[in-house]
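Note sheet for the following structure.
To keep things simple, chains are lettered A, B, C, D and E as they appear, and every chain counts its residues starting from 1.
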Amino acid sequence: MANISISNLDAVFFYAFALLAVGGAIFTITRRSAVHSAVSLIVSLLGVAGLYLLQRAEFLFAVQIVLYVGGIMLLFLFVIMLVNLDEAARQRQFNGQWWIALACLLGVAAEAFLLMRRGASSLPWSHPASVDAATTKTGNTEQIADILFSEYLLPFEVVSLLLLVAVIGSVFMARKRAE
Amino acid sequence: MITTTHYVVVSAALFLIGAMGVLTRRNIVIILMSIELILNAVNINLIAFSRYYGDVKGQIFAIFVIAIAVAEAAVGLGILIALFRNKGTVLADEVDLLKW
Amino acid sequence: MISLVLFTPLFATILLLFIPASRTAWIRAWANAGGIAGFLASLLLLQRFDRNAPGFQLVEKYEWIPSLGVKYFVGIDGISLLLVLLTTLIGAIAILSSWNAIESRVKEYYTILLVLQTGMIGVFVSLDFFLFFVFWEVVLVPMYFLISIWGGPRKLYAAIKFFLYTLTGSVLMLLGGLVLYFQYYKQFGFYTFDITELMKLQLTPGMEQWVFWLFFLGFAVKVPMFPFHTWLPDAHVEAPTAGSVILASVMLKMGTYGFIRFSLPLLPKASATPVIVQIMAVLSIIAILYGALVSLMQKDWKKLVAYSSVSHLGFCTLGIFALNQPGIAGSVLQQINHGISTGMLFLIVGVMYERRHTREIAEYGGLAAVMPNYAVVFAFAMFSSAGLPLLNGFIGEFTILQGAYAVNPVWAALAVLGIVLGAAYLLWLYQRTMLGDVTNPLNAGLRDLSVREWVTFLPLIAWALWIGLYPKPFFAILEQPVTAIVQRVHP
Amino acid sequence: MVELIPLFPLMGALLMLLFGRRLPKTGVNIVCVGAVLASFAVSLPTAAQGPQERILFEWLPLAHADWAYAIDPLSSLMILIVTGISSVIHVYSIGYMADDRGYYRFFGYLNLFVFFMLLLVMANNLALLFVGWEGVGLCSYLLIGFYFKRQPAGFAGMKAFVVNRVGDAAFLLGMLVVLAGAGSVRFADLSQVPAGLAPLAALLLFIGATGKSAQFPLHVWLPDAMEGPTPVSALIHAATMVTAGVYLVARTNVLFTASPEVLAIVAIVGAFTAILAASIALVQNDIKRVLAYSTVSQLGFMFMALGVGAYWVAIFHLFTHAFFKALLFLGAGSVIHGTGGEQDMRKMGGLRKAMPVTHAAMLVGALAISGIPGLAGFFSKDEILSHVYHSPHGSTAIYSVGLATALMTAFYMWRLMTMTFYREGSYAVHPHESPRVMTAPLVILAIGSALAGYPHENFRAWLAPVFPSEAAAHPAPGTEWILMGLALAAALLGILLSRFEIKGQLASVLRHNWYVDEAYNSVFVEGLAKGGGAMLGRFDARVVDGGVNGAGWLARMLSQISIFWDTWVVDGLVRFVSFTVGVLSYPARILQSGRVQTYALYFVFGALLMLGVYVTR
Amino acid sequence: MNQWYTAKDHFALLPALMLALFGCAVLLFDFLASREQRHRKWLLVLTLAALVFTGASLFRQQTWLASQGAAELTAFQGSLVIDRLALFFNWIFLIAAAIVAVVSYRFLLTSGEPMGEYYGLLLFAQAGMFFLATGVDLIIVAVGLELMAVSFYILVGFSRGEKRSNEAAIKYLLLGAFSSGFLLYGFSLLYGLSGSTKFADIASAVTDRGVFDPIVFAALAASAVGMLFKISAVPFHMWAPDAYEGAPTPVTAYLSVASKAAAFALLIRLLLGPFGSARALWEPILIVAAVASLTLGNLAAISQSNVKRLLAYSSISHAGYMLLGLVAGNERGIQGIAVYVLVYTFMTLGAFLMVGAMERHGVAAEDIDDFAGLMHRHPGYALWMLVFLVSLAGIPPTAGFLGKYYIFLALIETGHYVLAVIATLYVAVALYYYFRIVRSMFLSDTAGGAPLLSGPGLRLAIGLSGVLTLVIGLYPEPFLQFVRFTGGGQ
C-alpha cells in the first residue's frame, strides 16, 4: 500500500512538475514582454528541475537551479535590460509563418508519436526504473563526481575550453569597438 | 504509474514548444530562450534514461548539455548585443541584409 | 618517342611563357617554331613505325596512379599514327595562319593553341582510358578560351554551348568506362584502365549495350552525330579561323576515334548488335543528308562549311558502323580527308574574313577576278571536299561506300545522295562568292594570297593529292589495326 | 609507250596551270598543241600494236583497282578519236581564243581535259574510268565557266556539274554493285557479276551514262553548257566527253547483254531523248543551242543503237558524229567569230559570200548529219535505223521514232543553214572570214565528215572481238533498200519543210524545251536558292513531270525542316533545358529569403519529411 | 598520472593539447603584451608554432601507428580513437588553419579587430574539430562540436562593425544552436536505447534492435538534422550562403573547408559506427539530401552575382557529391569523401582567398563584375583563379576531377547507376556558373579597378593551394596512398 501511495505521490509530483515545465514553456513563447517570457522560462526550468529531482538526480537539480535559474537567466535578464526591449514589445510578436510552423510541428509531433508508439513497445521504457541500487548505494553527487573526474575527465576539460571560448566570445562581442 | 515514457513525452512536448518558439517569435532574445527549452528537453530525456538504466552517465551528459547551453546563450547574447549596437533591432525578421 | 611528340608543344608553351607579352613578333615566331617542331617530331613516329607489326607500337607505360590502376600508357597503331600526323600538321598550320589574324592577347593565344595541341595528341595516343579521358577534357578549356576570347559576335554563347555539350557527353562516357573498370575487377581481380587489358572482358550483352550507349553519348556529341550536332555550327562560326580549323580538322575526329578505339574493340558484341548498327547507320545517314540540305540554305559562309562537316562526319560514322575492313579503313581515311579539306575551307574563309571581316555570302561575288590564286585554292579545296576523284575525298568516300554497300546497299544508296548534294552546295557557294562580276566595290581591291597564306595551304594541297593519287601507303598503315578491330567485332 | 599517251597532255596541263602565266602565246601553242599531237602520234602505233594491258601501280587496294591502262580495239579507237579531234580543235583554238586574256588557262584546261578523257577510255577498271569520268566533268565545269565573270556561265558550269553528279551517284552505286558482285571493278571481271545483280548494275551504270551523255531526264545541262567557248562545245560537248556514256555502256556490254530489260530501257530512253531534243531544236534561234540539242538528239541515236544490242553501230555513229558535229560547232564558232560574237540566228543571214570556206565546210557537215547518202552520217544513221528495225531487241515503234527524228534533224539543220547563210541579212559589224588557223581545221573535219562513213565494214570487224556477236538474222536485201529509202525520204522531206516556221502553242512549248529545263532549273537551282514559291506555282501548272517538281519541293522543304528542327527541336530542347535550369535558379534563390526563421522552418520541414517517409512506410 | 589519464591517453590527446595550450598562450600574450604592431606578428608566429607542434604531434601519432602496424589507437576508455581517418582529417584541419592563419594577418591589420582573440578562437575551433574527427563517444563529440561551433559563431561575426557580419553571426548562431538541439536530442535517444555513450556500445544496441526500428530512426533523424546542417546539405543548408557572405573572407574559407570536413568526419563515424547496421534507414535520407543539394546548390548558383554566395552555393553542391560517397558507403566511397575533402580544401580555400584578395578595406569587391578584366590587371592571379574554378568544376587534370571521379567510381561500384548519371549531369550545370567568373576574368576588357590586396602571405597561400590543386590532379598517387584508411598496417 505504501508503495502504491508513494508511486501515486510520484505521479502527482510528476504531473505537477510537468505542467510547470510545459506551461512555463508555453508562456515563454507566447508572452509579449521579454521579461515575462524570461520569468515564465524560469518557471519552466524550475519545473524541469523538479522532474530531475523525481528521477533522483539531485546533483542535476542543484545545477539546474543554481546555474540555469541563477546564471543563465540572470544573463538573459541583463541583456533584456541592456537592449531595451520596450520598442520590440510594442511590435508584432509572431512572424508571418507561425501557422505553417505550427502545422509542421504538429506534423512532427504526430509522426514522433507514431514512432514512439511503435518503438516504445520494443523498449522496456514503459516500465518504471527497476533498479535504483546504483543510485541508492552512495550519494548521487559523489557518484557523478567519481565518474565525471575519471571516465569523463576529457569532456570535462574540453568543456572548460568551451566555456573559455564562450567567455572570450561574449566579452569580445559585447565590448565596444576600440576605435 | 509514471514510466520513462512519460518523461519522454514531456521532453518531446518541451522540444516542440521550444521549436515553435524558435520558428515563430520575432524577438531574438526569446528565440534564444526557446533554444534553452529545447536543450532542457534533451536533458529531461537524458535524466529519464539515466534513471532507467540506473547509471549516471546520462546525468553527466546532462551536465555537459547544460554547459553547452550556457556557452550558446552567452555567445548568442554577446552577438545579439553587437547586432543591436549596429542595427538597433533585435527582431529576427529584420535581420535580412543577406539573402538570395 | 611518343612522349616527345606529345610534350613538344607543351614544352614550347612553357618557354613561351617567358617571352614578354609585348614582344609579339618573338611570340609568333617561337609559337610557329613550336608548331613546326611538333610536326617534325611526329614525322619521327612515321619513321619508327612498323606497319606490319600487330598491336600497338612505340608504347610507353609507366605507373601513374597505381592505387587506381591508372597508367601513363601511350602507344600508336596505324589509326592513331595518321591522326597524330594530322594533328601536328594542322596544329602547325593553324598557328601559322594566325600570324595576322590575331592582334590582341597574342601570348595567351599561342599558349592556348600549343596546349590544345598537346591535349589533342594525347587523346590519340592514350591507351589507358583514364589518361584518354584526362586529355579529352584537357582539350575543352583551351578551346573554350579560343572561341570565347577571339571569336565572333556570339562567341560567349557558342563557347559555353560547346563546352557544356561536350562535357555532358564526356562525363557520361566516363561512367561507361568505370563500368568496364569494375567489371574487369570482378573478372580478373585487379583494377586497370589499360585498354589492351579491358579487351579481355567478357560482358553480358545487356551490360555491353549500356556501356555502349554511355560511350555513344560522349563520342556522338563530339563527332557530332545527328541529334547532338547543334553546338557545332555555333562553335565553328564564332571561333577564330585557327579555332575552326582545329575544331573541324582534329577535334571532331576525337569522337570518331573514340568509336574506333573504344566502342568497337571494347564492346564488340554491343557494337555488332543489329539494332545498334541500324540506329548508328540511320543516324549517320540522317547526318549526311541533313547536313547537306542545311548547308544548301546557309547564307553564312562559315556556317555552310560547318554544316558540311556534319555531313562528312556522317560518312565517317557510317563507315565505322559498317564494321568491315573497307568501312573502317575508309572512315579513318575520310577523317584525315575531312581534316585536310575542311581545314582548307576554313582557312579559306579565314583568309577572306581577315580582309573583309564578314562572312555573309551575299557580301561577296566575283572574287575570282580579283584574287585568282585564292580562287584556285578554293576550287581545289572545294573539289577535294566534294569528293572529286584523284583528290583525297573520293578515296575515303568510295571506300566507305564500299563498306556500307557490303552491309546494306540501301545505306550506300542514301549516302550517295549526300555526295550529290555536297557538290551542289559547294559549287553554289563557289558560284556566289567567286564567280560573276565584282558586285561589291569593297571587294574590288582585295589582296591575293600572300606567301604565308600559300604556305598554310601547300602542305594540305600536297597531302590531298597524295591521298588521292596514291592512297596505298595509307591503306597499308591502316590494314593491321583495322583488321584487328574487324576481327574483334566479327570474330 | 601506252602510258605516254595520257602523260603528254597531263604534262602540258601542269605546265600551263603552274607556269602558263609567264609563257608567251607561242610557247603555250607549242606546249599544248604539241602535247596533243604527240599523244596522237603515239596513239597510232599503239592502236596498231593490238591489245595490251599496263599496270602502273596499285591505286585502291580495297577495291582491287590498279592504276592500269588497257588497250583493246574499242579503247584504241576511242584514243584515236579523242586525240585526233582534240588536235584539230586545239589548232582551231589558237585562232579562236587569240584575243583572250585567259589564253594559257584555256589551253591548260583543254589539255587537262584530254588527259582525263584518255584516262577514261584507257582505264582497265571502273574506278579509274570514274576518275576520268569525273575529271572530264571537272574540266567541263571549268571550261563552261571559263568566262566566269559572266553570271550565266558560272551557273551553267555549276548546273552541268551538279546534274552530272546525279548521274555519278548512280555510277558510284553501280560500281559498288559490281564490286560486291564480282569482287573487283576490273572490266575483265565484269562477267563475274552474278546474273541477279547484273541488271541492277547495268541500270545504275546506265543512269550514270545518261548524266554524262545528256540523256533524258539528265539532258538539261548540255544546252546551257554552250556558255563555254565554242571550241569547248565542239570538243567536249559534242565530240568526246558526252560520248563517254556511250563508251561506258559499250565497255560494260557484258552487263547489259545479260539484262535485256535494261537494254530495252536504254533503247527507249535513247529514242525518247532523240525525238525530244530534235523537236526542241526545231525552234531554237541560238546557233549553238540548235547544235547542242542536235547533239543530245544524236546521242539519243547512239543509245538507241546500244539499246538494241548493236554496240559497234553505236560506236560507229559516235565516230562519224565526232567529225560532223565537231565540224558544225567549229563552223558555228567561225560564224560567231566572224560576226563579232553574234549567236542569234535571227540576226544572221547571207554569210555564204562573206565566209565561203566556213559555208562550204558547214554544208558538208549539215548534209552529213541530215543523212544525205555518200556522207558519213548517212552510213551510221542508216545502220542504226536498220539495226533498230531488225534487231530482236528493237521494235517498229522505236524505228518510227528514229525516222521522225531523222526528219526533224534535216529540218533544223537546214533551217540553221538557211537562216545563217542563205537568206538576206545585215550586220552592224562587217562579217569576215576567219583566219586560216581556224578554217584549216574546218576543212580537215569536212573531209572527215565526208569520208568517215565508208569504212563501216572494217569497223564491224575491228570491234568484233570486244562485243558479243549479234543475234540478228541477216535481213532481206529488199527491206534494206526500203529502209534506206525511207531514211533518205525523211531527210529530204525535212530539208523541204525547213522553209516553214513552226508557230503557235507548239512553238512556244518547244522553245521552252518542253519546260523540262525550266522545271529543273526552278526546282533545283531557283527553288533551292530562293525558294520562290510563286515561280514554283507557275511551273507546277505547266510541268508534266510532277515527280521532279515534287522532288525539288521535297528537297526544299526538307532543308527548311532541317533548319527548323535544328533551331527549335534539337537546339530547342537544349535551350529549354538551359532555360528551365536558369528559371529554376530563381525559385531556388527565393527560398533563401534571408529570414533566419524561414531557414529554421526548412529544418523542421526536412525533419517532417524524413520522419514522414518512415512513418508512412 | 592515474589510470584515467595514461601515457597513451596523453599521446592520443597531444594535438588537441597543443592547440589548447597554444591557444591560451596566444590569449595570454595578447593580454599581457601591449597592442603594438611589432607585437602583433608574434601572435601569428605563436599560432603557426601551435600548428607546427600540432603537426609534429600528428606526425608522431602517424609514425607510431605505422611502426606498430596498428590500425588505430584508442584512448580514454574508448572515447577517442586515433586512426588513419582521424589523422587524415586532422591534417586537413591543420592545413586549412595554417593557410587561413597566414592570410588572416592582413585582414586583421586592416580591419583593426583584435588579433589575440582571433587566433585563439582559430586554434580552439581546430581543437573542437580534433574531437569531432577522433571522438567515438557521444559526449566528447557533442562537446567538441560545440567548441568548434561556438568558436565559429564568434569568428563569423568578427567584423563587429559590419552589419553583414553581425547578421551572419546571429543567423549562424541561431540556426546552429537550433540544429545542435536536434543533434543533442538525437544523442539523448541514442543514449536512451543503449544506455551508453560509447559508439561501440550504441552500435551493438542498434544492431540488436533490428533494421527498421522506430526509435533508432527517430534518433537518426534528429541527429541527421544536426549533422546535415553542419555540412550544409539541403534542406539544412540555408545558413551557408548568408554566413559565407557575411563572414570575413578568411573565416569563410576556414568555415567552408574545415567545418565541413569536420562534420563529414563525424558523419562518417556516426553513420558507419552506431548506425552502421541501420544503413537501410539512412541511405534514402542521404540520397535525397545529396540529390537535393546537388540540384539546389547548382541551380541557385547559376544566377548569383556575388562570388562568395556563388561559392557558397557551389559548396552546397559539393556537399551533395561528398554525401554520395557516403551513399555508396563502401571503402571506396569513404576514400572518395576523403579525396574529395582533400581537393575541396585546396580549391575552395584558393577560390575564397582569391575573393579575399579582391577585397579592399571598406570596399566590398565580391561581385563577379569585380573580377572583370583580371587577366589584364593581374594575369597570375587570374590564372590561379582559373585553376581553382576549373578544379571546382571537376575538369581534369585538376584535383577537382579526381574528387568527383572517386565519387563516380564508388557509385558505379555499388551499382548506383542512376545517381551516378545525375551526379555527372550536374557537372555540366556547375561548369556554367563557374565559367561565368572565368568569362568575367578573361573576356571582359574592363581595365582599371583597384590594385589587389596582395601580400606575401596571401600570395604564398594562393600559390600553395593552386600548386596542390594541380599536383593532386596530375600526380595523385601519394595523396591517394595517404587516404587509404584500411588494409594492413599501411
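The definition used in the following text is that a contact is a pair of C-beta atoms (placed from the backbone, for glycine too) under 8 Å apart; a residue touches a chain by one contact, two chains touch by 3 or more.
Computed from a prediction, not measured in an experiment: that's the story for all the values here.
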{"item": "Chain C and chain A - chains in contact with each", "value": "D, E"}
{"item": "Labels of chains that are neighbours to chain B and to chain D", "value": "A, E"}
{"item": "Most distant chain from chain B by Cα centroid", "value": "D"}
{"item": "Interface with the most contact pairs, given as the two chains involved", "value": "A-B"}
{"item": "Furthest chain, CA centroid comparison against chain C", "value": "A"}
{"item": "Centrality ranking, top chain (CA atoms only)", "value": "C"}
{"item": "Mean-CA-position distance for chain E and chain C (Å)", "value": "43"}
{"item": "Geometric centre distance via CA averages, chain D-chain C, whole Å", "value": "36"}
{"item": "Euclidean distance of C-alpha centroids - chain A vs chain E, Å", "value": "32"}
{"item": "Chain centre separation in whole Å, for chain B relative to chain A (CA means)", "value": "7"}
{"item": "Residues within chain E bordering two or more other chains", "value": "139, 143, 146, 150, 153-154, 157, 160-161, 169-171, 174, 178, 192, 214, 217-218, 241-242, 432"}
{"item": "Chain B, residues touching no fewer than two other chains", "value": "8, 18-19, 22-24, 31-32, 43, 48, 52-53, 55, 57, 60, 64, 67-68, 71-72, 75, 78-80, 82, 92-93, 95-100"}
{"item": "Numbers and ranges of chain C residues touching at least 2 other chains", "value": "164"}
{"item": "Chains that touch, pairwise", "value": "A-B, A-D, A-E, B-D, B-E, C-D, C-E, D-E"}
{"item": "Chain E contact footprint on chain B (complex, rising order)", "value": "8, 11, 15, 18-19, 22, 28, 31-32, 35, 38-39, 41-43, 45-46, 48-49, 52-53, 55, 57-58, 60-61, 64-65, 67-68, 71-72, 75-76, 78-80, 82-83, 86-87, 92, 95-100"}
{"item": "Chain A residues touching chain E - in the complex, by the definition given at the top", "value": "112, 114-116, 118-120, 122-123, 125, 149-155, 158-159, 161-162, 164-166, 168-169, 172-173, 177-179"}
{"item": "Chain E to chain D touching residues, read off their complex", "value": "170-171, 174-175, 178-179, 182, 212, 214, 217-218, 221-222, 224-225, 228-229, 235-236, 238-239, 241-242, 281, 284-285, 288, 295-296, 299-304, 429, 432"}
{"item": "Residues of chain A that touch chain D when the two form their complex", "value": "95, 97, 100-101, 104-105, 107-108, 111-112, 114-115"}
{"item": "Residues of chain E touching chain B in the complex", "value": "138-139, 142-143, 146, 150, 153-154, 157, 160-164, 166-171, 173-174, 177-178, 180-181, 184-185, 187-189, 191-192, 195-197, 241-242, 245-246, 309"}
